[in-house]
Amino acid sequence: MKLCALGVFAVNFFLDMFGLVIMADIIHIIQTKYYYLVVIFLMMIGLYATISTRNLIKKIIGINIFQISVFLFYITMSKVKHGTAPILWDKSHVYDNPLPHVLILTAIVVSVSTTAVALALIINIHKEYGTIEEDMILEKQKLDIDRSNIA
Amino acid sequence: MKFIQELPVLIIVIPLIFALIIPLVGRLNRLIPWIISSTITFFCFLISISLLMTVLDTGKISYWLGGWEPPWGIEYAIDYLNAFVLVVVSFVAFIVSLYSRRSVELEINEDKRSVFYCVYMLFITGLMGIVITGDIFNIYVFLEISSLSGYALIAMGRKREALVASYNYLILGTIAATFILIGIGYIYMATGTLNIADLQERLPALFHSKMVLVALGFFTVGLSLKLALFPLHTWLPGAYAYAPSVVSCIMAATATKVGVYAMLRIIFGVFRIEFDIHFIPIANILIVISSMAIIVGAALAITQTNLKRMLAYSSVGQIGYIVLGAVLADQEAMTGSVIHILNHALMKGALFMVVGCIVYKTGIEDISGLRGMGKKMPFTMAAFTIAGLSMMGVPLTVGFVSKWYIAIGALNAEMWYLIPVIITGSLLSAVYIWRIIANIYFPDELPEHELQYTDGGAEITNHKSQYSEAPWSMLGPTMALAALCIYFGISATAPLYIAEKAAVMLLQQ
Amino acid sequence: MKEHIIVRIVSKFFAPFIQLYALYVIAHGDLGPGGGFQGGVILGASMILYVIAFGLDEGRKRLSQKVSDVFMSTGALIYAGIGIFCILAGGAYLEYAELPLGSHHLASHLGMYGIEIGVGITVAFVMITIFFETAQNK
Amino acid sequence: MIDIMLLLIIVVCAIAALFMKDLLGATIILGVYSFIMATIFTRLNAVDVAFTEASVGAGITSVLMIAALSRTKRYEYHYTKEQKRKPSALFAKIMSLILVIVTGAVLVYGTIDMPEFGDPEAPTNQHVSPRYIEETHHDTGINNIVTAVLASYRGYDTLGETTVIFTAGICVILLLRRREK
C-alpha cells in the first residue's frame, strides 16, 4: 500500500512535468519566469562543479557559483514591476521587497566565511599531503593505513 | 526581576559574549579559557532548566527580539520540545567542558588552546541558537555558526586525515546549508513569511502548491545531510574518528541531536503531519530510509577496527532510531524519539568520553588494543560497560526506554514489520558492544610480552597489570554520564513527562 | 613587490582615500546603499592593498597581531553589548528605541550607528586577519 | 534586452569556470562572475546586495583565493585520457550528472506554481514586506529600508552574521597561525 502511494506520487510528478511540455505552457513560462530558469541552470552548474571535480580548490569555486546563484534566486523574487530600490524617496510609490535583500546580505557573509575556512583547510592539506587532488590524497591515505598496519 | 524575562536571549548572548572575550583574556593564564567555558556552560544549563520550568508552568514562551512583533521581527519561541533539547545540549556542553581540561592539554598545542575554547563556545552558541529560535532564516544563520566552528574543531585532530575529514564535511555541510537556503527561498516565495508559527498558520491553504512540495524536499535532503541520515552519512565516520577526543564527545552528543531537532521542527512544526502523509509520501520514504540506517549503521559498526569509527557508525544507526520514531507519526513513537535525543546524548557522550580517557592514558584507538583493559582502568571500563549496555537497549538502562516506546509506537501505527528492524538493530549493536566488553574483561590468552601500546598517550605504560586510571577530572564527568544512563533508565518519569508533552504538541498542531 | 615603486607610491597615496570612503560608507548606511559590512570590507581591502604593495612584514609592523585580534573581538562585543544596554535600559534585546538617548527616533538612529560601527570594525579586522594568515608563506 | 545579455554572459562565465584547468584563471572568472552578478543585482534594484557582492564576491574572495593558490598549486592535475575513461571515473561523472539533473528537475517543477517575475500580487509582496515599506520611516526614522530591516527589525540576524564572520576569522587563526616569534 505504501509502495502504491510512492508510485502514484512518482507518476503524478512525471505527468506534471510532461503536462508542462504538452500544453505549450512552456513558452509562457519562459516568457514570465526566464529568470528563475536561468538561475536554476546556474545553480546546477555550480552543484555539478562541486560534486564532480576532484580538485579541492575547484570544488570551492563550484560552491561559490552555487551559492551566488541562490543569491540571484532570492533577489529575483524581490523584484516588483515598476518598483524602485527600497530606499524611501518622495517620487516613488512602489518599492521592491526589501526582505530578500537583507537575507542575502547575511548569506553573502556566510558564503565568504565558508570560503575562508575552506581555503585555510586546503592550505593545511597541501602542507601535509603536498597535493590538492582528491585522488592523490586518497592514495596517500591508503599508504598511511598500510604503513600503520605493518607497524 | 527584569532579567527573568530576558532569559531566552541571555542563554545565547552570554556564551557569545564570553566566546568573544576568551581570546582576549586567554593569554593571561592558561586555565582561564577552561574556567570561563565551564562556568558559562554551567550557567547556560541553569538558565535552560529555568526556561524548562517556566514552559512547564505557563506554556509556550515567546520572546520578541528588538521588541518587534513577529512575523516582522525575529521571535524566540520556546515550547516543550526545544526547552527539552536546550537542557540536553547545555548539560552535555557543561559536562564535556568540565572533562575537557586534561584532554585538551594533551591534544591541542598550548598556543592554540584559548582559541580552541573560543571556537568551542561558538559551536555551543550556534547549536543553542538553532534550538531556541522561532525564525526559519535565523536557524540557517546559527547553523552556519555551529558548522563553521565544527569544521575547525574537527581539523584540530592530531592525524593528518583529520584535515581531509573536515574538508569533506565542509563540502557536504555547505551543500546541505545551501539546500536549506533554497528551501527557505521556496517556502518564503509561497507564503511571504519566515516565522515558524506564522508559516504553520499560512501553509495549510497552500498544501497543493508545488513550491511547498519542493521546499519540503530540499529541507529534508539538506537536514538529512546535516544529521547524517543514511545514505548521506558519509562525512560522519571520518569526522568523528579523527577529531580530538573532546570534539568527538561534543559533536556526537549534541550536533546530530540538534540536526534531528531541526528536522522535527521543520517536518512537524512548519509543515503539518497531514501534509507529510497525505500530499507526499515523505514519511514513508523516511521510514524506509531510517530502517535501513538502523541496520546498515549497526552492521558497518561491526566491521570497524577503530573504536571511534565504530562508535561513529553506531551513531548512524541510532540516528535512524530517532528519525524512525518521529516519522511514524504516532504519539508513543514520537515520545520515544524525543526521549532518545536525551538518551543517545547521554550514552554516546559517555562512550566517547571513555575513548577520550583511553586515548589520554595509552594512546590506543584500536579495538584490539583494549585487551584486558578492565583490570587497568576499572572505573573507565565500568562506565563503558554501562553506556554500552544502554546502547544495546538492555532493560534498566536508558536505551531500553526509548526503544520500547518506539516499538510500541510501531505497533500502534500498525507497522508490525518494523519490530524486527528494531530488534535486529539492537542485536547487531549487542554484537559490536559485546565484542569489546568481552575483550576488556575476559581477554583471550595471549602472552603478556606481546602486548604493545602505541605511544602518543600522556603516560606510556608497559606493564599490563599496572593499575593506571584516567585522572579524576576526566573520570568524574564520564562516570556522571554513565550514572545518568542508569538513573534515567530506572526512573524515567521526568523526561518521559516532558517528551510526551512535546510529542503531543508536535502531532496535534 | 619591493622594486615596483609606482605600485607602492600609488597604493600609499590611495590607501587613506579608500579608508575615508570606507568610513563614508559605514556612516551613510541609513541614507543610501552601504553600511557596516560593506564599509568594513572596504576598510579591510585598503589595508590588504597596503600589505600587497609593501609586503607582509611591513604590514605586520603597521598592525601587530595582538592589536588586530583585539579589534576583531571588540567589534562584535560592541554589537552584543549594545543589545545588553538595551535590556538594562528596560527594552528587549536590541530594542534601540529604549536607549536613554533622547527621542525614540534619535535613540534608534544612534543605536543603529553603534552596531554598524561594531560590524565594520569586526569585518575589517577579520578580513585583514584572514588575509595575513592565508598569505604568510614561510 | 541588457538583462538577457547579462544572463547569457553569466552562464558563459559559469561554464568557463567549470572547464578551466588553470585555477588562477578559474578564480579570475569567478571574480568576473561575481562582478556581473553584482551588475544584475543593480539591474534588479538590489543596490545594497550589489555593493556587498562586488566588494566581497569579486574583491575579497578573489584575493583570498589567489593568496591560497600562491601557497598551493596553480594548475589542476591533468588526467590522461585513459584515466578519464576508467569505469570508476566515468561512473562518478555520470552519477553526479544524474544527481544534478534530478535536482534541477525538482527545482524546475517548483517553478510551475511560482508567481510571475515581478508580480506585485505575489505572496512575498503581500504579507510581511508591506509593513516594512510603510512603517520604516515611522518606526525608525531611517530612509534606507534595507538598513532598517537589517539593523533593527532583523537586527538579531545581523548579530549572527557578525558572529559568523568572527567565527571564520577565529577558525582561520586556529587552523593556520603559528607560534609568535
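First chain written, first letter: the chains are A, B, C and D, and each begins at residue 1.
Simple rule for what comes next: a contact is a pair of C-beta atoms (placed from the backbone, for glycine too) under 8 Å apart; a residue touches a chain by one contact, two chains touch by 3 or more.
Predicted model only: the values in this text are computed from it and were never measured.
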item: Chain of greatest Cα-centre distance to subunit C; value: B
item: Selected pair, greater C-beta contact count between A-B and C-D; value: C-D
item: Averaged-CA centre spacing for the pair subunit D and subunit C, given as whole angstrom; value: 22
item: Whole-Å gap separating subunit A and subunit C, where each centre is the average of the chain's CA atoms; value: 29
item: Geometric centre distance via CA averages, subunit D-subunit B, whole Å; value: 30
item: Where subunit A touches two or more other chains, by residue; value: 16, 43, 47, 51, 77, 85, 87, 99-100, 103, 105-106, 109-110, 113-114, 116-117, 119-124
item: Junction residues of subunit B, two or more chains touched; value: 16, 20, 23, 65-66, 137, 141, 144, 148, 151-152, 155, 182, 188-189, 194, 210
item: Contacts with two or more other chains, residues of subunit C listed in rising order; value: 31-33, 37, 69, 73, 76, 80, 83, 93-94, 96-97, 130, 133-134
item: Subunit C - residues contacting subunit B, complex; value: 69-70, 73, 76-77, 80-81, 83-84, 87, 90-98
item: Sites on subunit C touched by subunit D in the complex; value: 29-35, 37-38, 41-42, 44-45, 48, 65, 69, 72-73, 75-76, 79-80, 83, 93-94, 96-97, 105-106, 108-109, 112, 115-116, 118-119, 122-123, 125-127, 129-131, 133-138
item: List of subunit B residues in touch with subunit C within their complex; value: 2-3, 6, 9, 13, 16-17, 20-21, 23-24, 63-67
item: Subunit D contact footprint on subunit A (complex, rising order); value: 13, 16-17, 20, 29, 32-38, 40-49, 51-55, 57-58, 60-62, 64-65, 68-69, 71-72, 75-81, 83-89, 94-106, 108-117, 119-124, 126, 131-133, 135-136
item: Interfacial residue positions of subunit B with respect to subunit D in the complex; value: 16, 20, 23, 65-66, 68, 71-74, 109, 111-112, 115-116, 118-119, 122, 125, 129, 137-138, 141-142, 144-145, 148-149, 151-152, 155-156, 182, 186, 188-194, 202, 209-211, 213-215, 217-218
